[in-house]
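Look for chain A in each of the two complexes below; its partner is chain B in the first and chain C in the second.
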Partner chain A sequence: MKGGAKVVVEQHRHAGVFIARGKEDALVTRNMVPGESVYGEKRIAVEQEGGDKIEYRVWNPFRSKLAAAVLAGVDNIHIKPGAKVLYLGGASGTSVSHVSDVVGPEGSVYAVEFSHRSGRDLVNMAKKRPNVIPIIEDARHPQKYRMLVPMVDVVFADVAQPDQARIVGLNSQYFLKNGGNFVISIKASCIDSTAPPEAVFAREVKKLQEQQLKPKEQVTLEPYERDHAVVVGVYRPAKKKEQ
Partner chain B sequence: MSSLRNAAKRKEHKERAQPAARLSRHGLLEKHKDYVLRAKDFHKKEATIKHLRQKAEERNPDEFYFAMEKARTRDGVHLAPTAEANKYSQEELRLMKTQDIGYLQLKAQTEAKKVERMQQSLHLIGAPAANKHVVFVDDEEEAEQFDPAQHFNTVPELLDRSYNRPRLEQLADARATSAGDAAAAAVARIEKKRAAAYRELMQRQQRQEKLGGLAQKMAYDKEVMGKGRKRKLRPEEAGGQTGVFRWKAERKK
Partner chain C sequence: MTQFLLFESASGYGLFEVTASDELAQGSDAVQRSVENMERFGKVVKLSAFKPFTSAANALEQINAVSESQITDDLKNFLTTNLPKVKKEGKAKFKLGVSEPKLGSAIQEETGVPCECNEYVGELLRGVRQHLATFIKGLEDKDMARAQLGLAHSYSRAKVKFNVNKADNMII
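Here is the complex of A and B:
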């Protein structure tokens, strides 16, 4: 190879996520649709020993809360190859496309977005990716899309609404299997802009517990986002056996 | 014959370097070409000084100049002509300030765009953690017995490396953690480039902050120069800051 490799890709703790170390220093996912960028992100092609090329897409933690949580050292994102994910707050589908990369062709992503404008981008993205099912509906009314979504393994929510915990609880009741997991991004200023962020996070965690969503861990997203936290947990966990 | 020789371009002969023995004793010595440049410059300055000195010596004190018609003295001292103090009106100054602010904002915007583009692929991986990680456990007993390495299913050395803590199973499979020796060599080579990229990113961020702050300050100055009744606040009123004004509330419609 002339000049040696320009970039080295190492596996991440979470399956389906990688870190590219080169001139850039980036979190990447393996591109399911080689040769195409979704939102103008950089792509990195790496040649394997066999001579075939693998293409990765850069996953920007300054734009995606999930990427920021991954780099912040969260223990488990539960989004892994083959998983079924309900993604609330899909927006234009930038992060959704990376989740679709992670779950791979075996898994599926049900992306719910209320706004028609960003929903259009979401739908266009889903045309290229068979494992993404776009749903343009209000996440407050899961009964409207109950015919489209089966039981899922993970619920991811980035809706930035004051009643976020209620929305996630409602969707979990409908679609999340017992012992399934949830990942929620909380923006403190969207819930209560007057209270200190720590208090807001604690209050949200309380609300989640009331919905049978048991939080396991919480990470704040500095330096990528200010006053944001991601809470990961489990829904209706199986009772621990007495030893 | 000589004119013909001048017309054809002759080869420029380069002066040889000093022999190694002399070089080690005297260091790098000046070449003739450089000496000529230095000498020419020196003689030019010498000639200028000589010319000025001559002019001063031969000056005629009775000579008339037109500037004398406007020249004034005060208490026997000659008044040097000064630039007009208020050449521009308040409105003109305000307009000029608007243009300055616009330029600063443009530059700040450019820097912000560049920062954003660089951040796309520079993810601060391996920077010291600035965030907080909370793990929820069931009871106090569990909290007391909490072992981070065991919880994260990794080795204790990797606990500080929050961006990627491979699990024990992954560590056992060496292929997952390193991409081979050739890759390791490549990493060392590109490390330098990456460090430079991060340096540039930091400088651009600082520059953008400075430019933005300056534009804001100038915009405030412009507002102060503008219309509206206002009062300058005392530092104790403005929380220790000086140069803060408060405008009188005015009904717009």
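Here is the complex of A and C:
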């Protein structure tokens, strides 16, 4: 995005997320490592009143399910400055880098990825971002990385596996604190390619409920992804009568 | 019957003793609630020993073994020196709660310490994970985070580099 002076950056409804208003609006996050792009995304530098510059990175909803969910109007992503996030399915770390921007230096992202090919990129990205903890391990076996992860505020999952509800449940049991939140992206065709997507989503939601993961809202990611939904909820919510 | 807990962290091994198990035996809902509150949890679970890892290389050796459910000499020494002695097989007056059954059977085989791994132990270990920095004097949350970061990098780097046949092959 050229002509930095003409671009105005506004705070988004979600803390740590911003909107750059220029010729075209774009979703952006504040770059933790100014001067560097992670995957060739555009950067926008905005001059502050004192003359200092703050750099933002454009967050492409076609490449990140979380960005798509934000633009789809999800009520709450729970990923905010200072939060500890367990990120399952980190892949090459493109989305992880934006989550790292959002949580900022006070937060941390524990990024789990099983594939060695993309894991290499994830590890390299994490070298420059001290709030990203790369874990090359199978998310199906959280006990293998139990020494590396503390109790977290949010579990985010984009694993696209048929048993993903079980994977999220298992990880929550180990690492997600009571009343913590989960954000899970569901790709219908990865779970059952013969059933209609709505039926698949409903079935997954039921599986989550059985594991004390209480869904609060669901958004579909049209037009950025086809037959995808993001479900956001709370883990082991405090009982009403106690409050 | 005394209940102990083994907790593996990025900074070292911790051994905890459950002192007021009666209070917790009321069902998992009650356990969950007392786990949340450090004031209550601190009365129920007490730190009995902590062994910090001596170096980054040592920590890496431990996590490699622990993630494969193997017992290291360090862990064996830690358990035998800090747990009550087991005189006869099957006659111990205590139990050790572990996070994973396979590691439990490895420990049982090597040291004769009876291990258990169930939902109840899992709940208690959640509490330990949450309050670890409060239990161990001189260990702050940010030290913990630094240890996790360093260990995760060395663990993951080794995984990515050491791929004899585990690399996912590209289909051309």
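The definition used in the following text is that the second predicted complex is superposed on the first by the 236 of 243 C-alpha atoms of A that agree within 3 Å, B and C clash if a C-alpha of one lies under 4 Å from a C-alpha of the other, contacts with A are read in each partner's own complex, and residues count from 1 in each chain.
As a convention for this text, a residue touches a chain if its C-beta (ideal position, glycine included) is under 8 Å from a C-beta of that chain, and two chains touch if they have at least 3 such contacts.
Predicted model only: the values in this text are computed from it and were never measured.
J.: May I ask you to decide whether A:A45 touches chain B, chain C, both, or neither, giving the answer as first, second, both or neither?
T.: neither
J.: Which partner, chain B or chain C, is in contact with more residues of chain A?
T.: Comparing chain B with chain C, the partner touching more chain A residues is B.
J.: Quick one: classify A:P134 as touching chain B (first), chain C (second), both or neither.
T.: second
J.: Could you say whether A:A126 touches chain B, chain C, both of them, or neither, answering first, second, both or neither?
T.: second
J.: Quick one: is A:V219 in contact with chain B, with chain C, with both, or with neither? Answer first, second, both or neither.
T.: first
J.: So, A:I19: does it touch chain B (first), chain C (second), both, or neither?
T.: It touches chain B, and chain C stays clear.
J.: If you stack the two complexes on chain A, which partner ends up touching A:A199: first (chain B), second (chain C), both, or neither?
T.: neither
J.: Touch check for A:N60: first (chain B), second (chain C), both, or neither?
T.: first
J.: Under the contact definition given at the top, report the residues of chain A touching chain B in one complex and chain C in the other.
T.: none
J.: Inside the complex, what are the residues of chain A that reach chain B?
T.: Those in contact with chain B are residues 4-13, 19, 21-27, 41-42, 58, 60-62, 71-75, 205, 214-224, 233, 240.
J.: Once bound in the complex, which stretches of chain C touch chain A?
T.: 8-10, 32-33, 35-36, 62-63, 66-67, 99-100, 122, 126, 129-130, 132, 141, 144-145, 148-149, 151-153, 155-157, 159-160, 163, 166-168, 170
J.: Using the touch rule from the top, collect the residues of chain B that touch chain A in their complex.
T.: 116, 119-127, 129-136, 138, 151-152, 154, 162-167, 170, 176-179, 182-183, 185-187, 189-190, 193-194, 197-198
J.: Touching chain C in the complex: which residues of chain A?
T.: 108, 110, 115-117, 119-120, 122-123, 126-127, 130, 133-137, 143-151, 173-175, 177-178, 236, 242
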